[in-house]
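Look for chain A in each of the two complexes below; its partner is chain B in the first and chain C in the second.
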Partner chain A sequence: MNIIVCVKQVLDPEIPPAKFKIDPETKQVIPPPGVPPVISVYDERAVEAACRLKDTHKGNITVISMGSEKAADVIKHAISMGADDGFVLSDAAFENLDSFGIAYVLSKAIEKIGGYDLVLCGRQAADWGAGQVGSILAEILGIPIVTLACDIEAADKNIKVKRIVSDGYEVLEAPLPSLVTVSSEIGLPRLPAGMRLMIARKKQIPVWTAQDIGAEASQLGTDNAHTEITGLSVPDRKTECEIITGATSSEAAVNLAVKLNELK
Partner chain B sequence: MDSKGVLVCGEIADGQLAPITIELLGIGRKLADDLGEELSALLMGSNIGDVGQEAIAYGADNVYVAEDSLLENYNSDAYTQVAANLCKKVLPSIVLLGHTDIGCDLAPRLNGRLGGGLAMESMALSIDPATKLLVSTRPVFGGNAHATVLSKTARPQMATVRPKTVPPAERDDSRQGKVIPVEDKIDPAAIKVKVVDRIKEEVEGVRLEDAEVVIAGGRGMGNAQDFGKLRELADILGGAVGATRVACDEGWAAATLQVGQSGKVVSPKLYIAVGLSGAMAHIAGCLGSKYIVAINSDKEANIFNVAHFGIVADHKEILPTLIEKFKELKAG
Partner chain C sequence: MSPVSATYWGIPGYAIFWVLFIIAFGLFVQRVYVLLRLMSLGKQENRFGRIGLRIKNMLFEVIPQWCSLRSVTRKDLAGLGHALMFWGFGFFLISYIVFIGLAEGFGLHAVLMGTTFETVYASILDIAGVFVIIAIVWAAIRRYVIRPERLEINVEAGVIMIMVFSLMALHFCIEGFGIAGSGESAAWPPLGAAFARFLSGTDISQSTLTAVSHGAWWLHYALILGFLVYIPRSKHLHVLAAGPNIFFKPIGPNVVLEPIPLEAIEDPEGTEAFGVSKIQDFTWKDLLDLYACAVCGRCHVNCPAQVSGKSLSPKEVIHNLKEHLLEAGPGLLAGDTGESAKGQNKTLIGDVVTEDEIWACTTCGACQEVCPVGIEHIRKIIELRQNLVMAQSKMPESAQLMLRNMQSRGHPWSGAQSLRLRGDWTQDLELNILSPGDSAHTLFWVGCTGALIDRNVNATLSLTRVLKAAGVDFAVLGEAETCCGDPARRAGYDFQFQILAEENIELLKSYNIKKIITSCPHCYNTMKNEYPLYGGDFKVVHYTELIANLVSQGTLKLTKELDAIVTYHDPCYLSRYNEVYLEPRRIFQDIPKAQLREMERSKKTTFCCGGGGGHLWIEEQPGTTKINHIRIEEVIETGADTVVTSCPYCLQMLEEGIEHKGIKDSLQAKDLIEVVEATMK
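Up next, the complex of A and B:
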């Protein structure tokens, strides 16, 4: 089974909010110094889903990431989990693309790789979280899509996917090739270990430009953008926190219980 | 041809308009009035009955009704096909969907097919008076920032709207409108993905998303046994237990109990955060709570910045007494 996984490198969402700074002028986030970017959490689950399928059915996992050349780090992370190959898609023309632009670039890279049975994406990115690249990508590639997967099983020419819904899940059957977006309910990603880490470290990650994948400049200009971000702000959420005290910790606990009991 | 009007993609639950659809008709009516254009609704199902009239009572000028056995339950391929065909015919300027199980799947696909501009999970929508464009405000970076998004030229302008963020439309049964059957037949060959089963999962006790009280723990709980104490407190208060990503990763809590950006978003009356620092991704899941209480030994922890009440102490010194006192208070 040949699987292509699309991953994104994002700001680490596990930072304290105090480190989160934006530039309202450029509508961009200012990367906090000393905090390395990470693989987007849902994309890591998509890599995990791919690895599980490979565990059972053999095959090949190729990971692609559009971003700066540093995106090689998240591809190496995916390889350390069990992916085989990876490509970074980087070009000045790829900067600040909207969901349609991103999906277009990914589709060109996927067409160049070719021969795939399954394309996996995270359900949304942990940063801008537009939640639509996978769906647009499937439309461009002209393949079926299942969103919000919490389990994927493969049979001969089919996959069976559990799709998470608010009160349970649906079971869907899709032909191959298809695209599936993966949700965190699929479970924890494996920890890279031993040999895999070494393989990942040594792996060369080629960088593909717009020209390499045949992406046309006419599709990438800002004139072609479907959406535009016109403002970015951080809502003011600071509350007055009343610190409950007491002569002892127990007394503080009693005071808190009484206080909270009066609230309702 | 110019696109015009607002179209709400409705949802039907138990033979009635779903609450989110009544909310969408409310905001849709306002946007349509601001533009001086019509509000329409699309309803898909197998036997819709009078629900079309209900949509008119809630403000729709036109209701497109697509009835087919293939539309009985949500099927992504079938619903996308019907909605896309209707949009190509009616050419709405704005299309609104709920940020729900259906909308989260349908909206991006529909947008991909129509080539519009979509803002997912919108919290506020308005018409810019000068440009007459739809302006959507949506959470980014797990709700730690808000972005305003618009589409200059791509049509339709689309948005999914989070449930309970806009007031519902008021019902007025004297309102007049047209119910228009959608005549196009669904092409069964275009239905590639089939729903073979739907499983309702029963949860023990109160569902985390519905709970009025949530007791959440993080890394500071230290081990599974201490984490288990939170369940005791939750039971006394009739609440549910939540966890940070770390607590789930450690195996102290089931992954389904994760609160935060990659987990559940909760908005209880009372959120008691124990032994958790309040990382950006976690805060994203609990900011809608009415009262946040922090119990943490580190007085610099971010959770105190968003909490209304706090105790600076080790949870081990607080939880046992808190549990006993609540027992006493509840016994009355």
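Up next, the complex of A and C:
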């Protein structure tokens, strides 16, 4: 089973909130010093899902990441978890693309790799959280998509996907090749075992430019963008803390229930 | 006439003597051979360097019994009993060789017996015999009546006590009945002669007396041979293995973790080779450790995990590994590794040692410190963790979280645990922060906790100010510093440690660093004792060593009075691992009016704070006492109002203990450097 996983390198979401700064002029995030970017948490779960499929069905996992050349680090992280190969897609023309542009670039790289049975993405990126790339990518590739997977089973020419819905899950079947976006409910990603860390460390990660994957400039221009960022700001967060007390714990519980009822 | 030259039922005594000897010795050799073969199942390890020093160490430990006397405390005098038994029995052992082997076996009876040498030696034996009897009776009372926690009631101990006691009793019988039977009156040996005088006063005939003496002699000969056969088949194997085990003890750091030879690993997907998952994955020295253990239980009562109610007992681990080796080893030697073979159906991790036991260890080293025979418990546990983490990916979730942080963020603190960035502490300080191309002689290595956790940052800032005041020229790495790798290594994720070590060494070398000042004992131990194996040879000092020197040189003057009653909590990785415990006390001596009250467990026998071995991040087994809560009780016992330490982990654990107790008003925890700064001129 050949799996392609799309991963994104993001600002460490565990940066203390006070350290998070943006430049409203350029509408960009200013990364704090000394904090290495990490693999987007949902994408890491997509890699985990791929590794689990590889554990039972063998096969090959290729990881692609569009971003700066430093994105090689997240490819290496995926390789240390169990992926086999990876490519960074980096080109000045790829900067500031919206979800449609990104999906286009990824589709060109996926077409270049070819021979895939399954494409996996995280349910959304941990930074912008749009959650659109997977769906658009499936559309461009012309393959079925199942979103928000919490479990993927492969059988012959089909996959069976457990998909998270608000009150439980539903089970869907799709033919291969398909695209699945993976949700965090799939479980903790593995700790890279043994030699894999060393393999990943030594691995050379090729960088593909727009030319390498045959991405047309006409598709990458801002005129082609479907969305525009009009403003970017750190949300004002206000928390008011009120401690509900009571002489006994049951009394406190009653007071709490009353309060909650008031606020309903 | 000697017992051996007599004839019994027509069989010459000599023949009986030698036949019995050959049978017993044969059984002894056969067992020792099997044990050596089992030991050879282990992996290779070179423990033969510096032979001279090793011999010296062994003789110094064993002959004066420093090995057992070292652990003698007011509450536990057993080591003294062991020494009495060792010395006393040592004299008997020599007498067995001379007066049984040479005199009776090789026919030198006429040359040796009846000489002044014999009389003098027999007199010494009389005294030694009394000491051994005292020690045996005392040991029996202790084990079967007093029943200290560390000892268990077992048959083997009883058998050996009865054997030794019988040998002593028989010794006096042989002497007494022998002298009385000969009809001579003798003044020496004193106890034998006195017993003979008593027997002569009875109306037992001389021939009966001689016959009893001979009978006792043969019985005691049989017992000695029985001893020879029994020893290698019981826990008293330690009599044979302890000396060699002390000989092969590590020279230098007590916990020897070998680098994993990455180049030698041919199949990168085959990860079962990492750490220890089978008994034969240990080295031969690890297996010798198992033979050396006498199940004395000193490790058991000093292990913080055990004391706090966790399932780990270092004694049980070693004992169970030994049982497993003896059970499964013969099958392995025969190449029979089928499921049906004896002991093969047991998994080392799971059946012999449980995962809970493996994860409960804080690597504090108390077990190794009190072990009289030099058993290395800690590296066994770490190697078992290596297999769990690197080959099986099995670990507590809290450990996994920490290790994932180490891997992706270069430090063990995650999420809301730290609201700081690595370089934050350097803000608004005039510091020499190194950037590529710079060069510096001395580096202050802050450590993750000292850079990321508010409470510990205070100590870091304090140290920075003290160093500056003392005119120490130092540089820092600021945001470029990463973890030294210690938590990953102790948690068994040795690859991550190796990556961090290699990257750090490369970075430090690029700045031409020669000397490193550390504030964290864990960084200190790792960089001082473990980095050299990866090519990092730096002079590493802990700040307590540096400050103690600055104070004694007069560069740093501590002139303000300390208005507090303090106790000092020795961090394991400083005092036990690296023998730095006098320096902090020297600093206290130089502080005017400092009142230092020692805890009962201090210096090299300090008690863990509960935070070592990755346990600052790994959850303690639910339902057990927290180790730091036990330590806080010991702090309170001293009556101190301030507990001082010199480790960021310890500081956190002690503060948590104080908070838990709700005694913040009467007790506070401080880093030693904060005390130094407060009393500095």
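Methods note: the second predicted complex is superposed on the first by the 237 of 264 C-alpha atoms of A that agree within 3 Å, B and C clash if a C-alpha of one lies under 4 Å from a C-alpha of the other, contacts with A are read in each partner's own complex, and residues count from 1 in each chain.
Basically, a contact is a pair of C-beta atoms (placed from the backbone, for glycine too) under 8 Å apart; a residue touches a chain by one contact, two chains touch by 3 or more.
Not measured: the values here are computed from a predicted model.
Look at A:Thr56: by the touch rule set out above, it reaches neither chain B nor chain C.
In the superposition on chain A, contact is made by A:Met198 with chain C only, not with chain B.
Using the contact criterion defined above for the overlaid structures, shared-chain residue A:Lys259 touches chain B, although it does not reach chain C. Using the contact criterion defined above for the overlaid structures, shared-chain residue A:Gln28 touches neither chain B nor chain C, since it reaches no partner. In the superposition on chain A, contact of A:Pro36 is made with chain C only, not with chain B. When the two structures are aligned on the shared chain, A:Leu188 is found in touch with chain B and with chain C. In the superposition on chain A, no contact is made by A:Asn96 with either chain B or chain C.
Of the two partner chains placed by the overlay, chain B and chain C both lie in contact with A:Pro16. Residues common to the contacts of chain A with chain B and with chain C across the two structures: 14-16, 18, 188. Those residues of chain C lying in contact with chain A across their complex are 262, 265, 268-269, 271, 274, 389-391, 393, 395, 397, 400, 403-404, 407-410, 414-415, 418-423, 478-480, 493, 495-496, 499. Across the complex, chain A meets chain C through its residues 12, 14-16, 18-19, 32-36, 38-39, 77, 80, 188-199, 201.
Remark: chain B residues 76-77, 100-101, 104-105, 107-109, 111-113, 115-121, 135, 139-142, 144-152, 154, 192-201, 209, 245, 249, 255-256, 258, 261-263, 269-270, 277-281, 283-284, 287, 291-294, 302, 304-314, 317-322, 325-326, 329 touch chain A in the complex.
If you check the complex, the residues on chain A that touch chain B are 11, 13-18, 20, 22, 27, 29, 41-42, 98-100, 103, 124, 126-132, 134-140, 144-148, 160, 165-175, 178, 184-185, 187-188, 225-235, 237-245, 249-250, 252-254, 256-261, 263-264.
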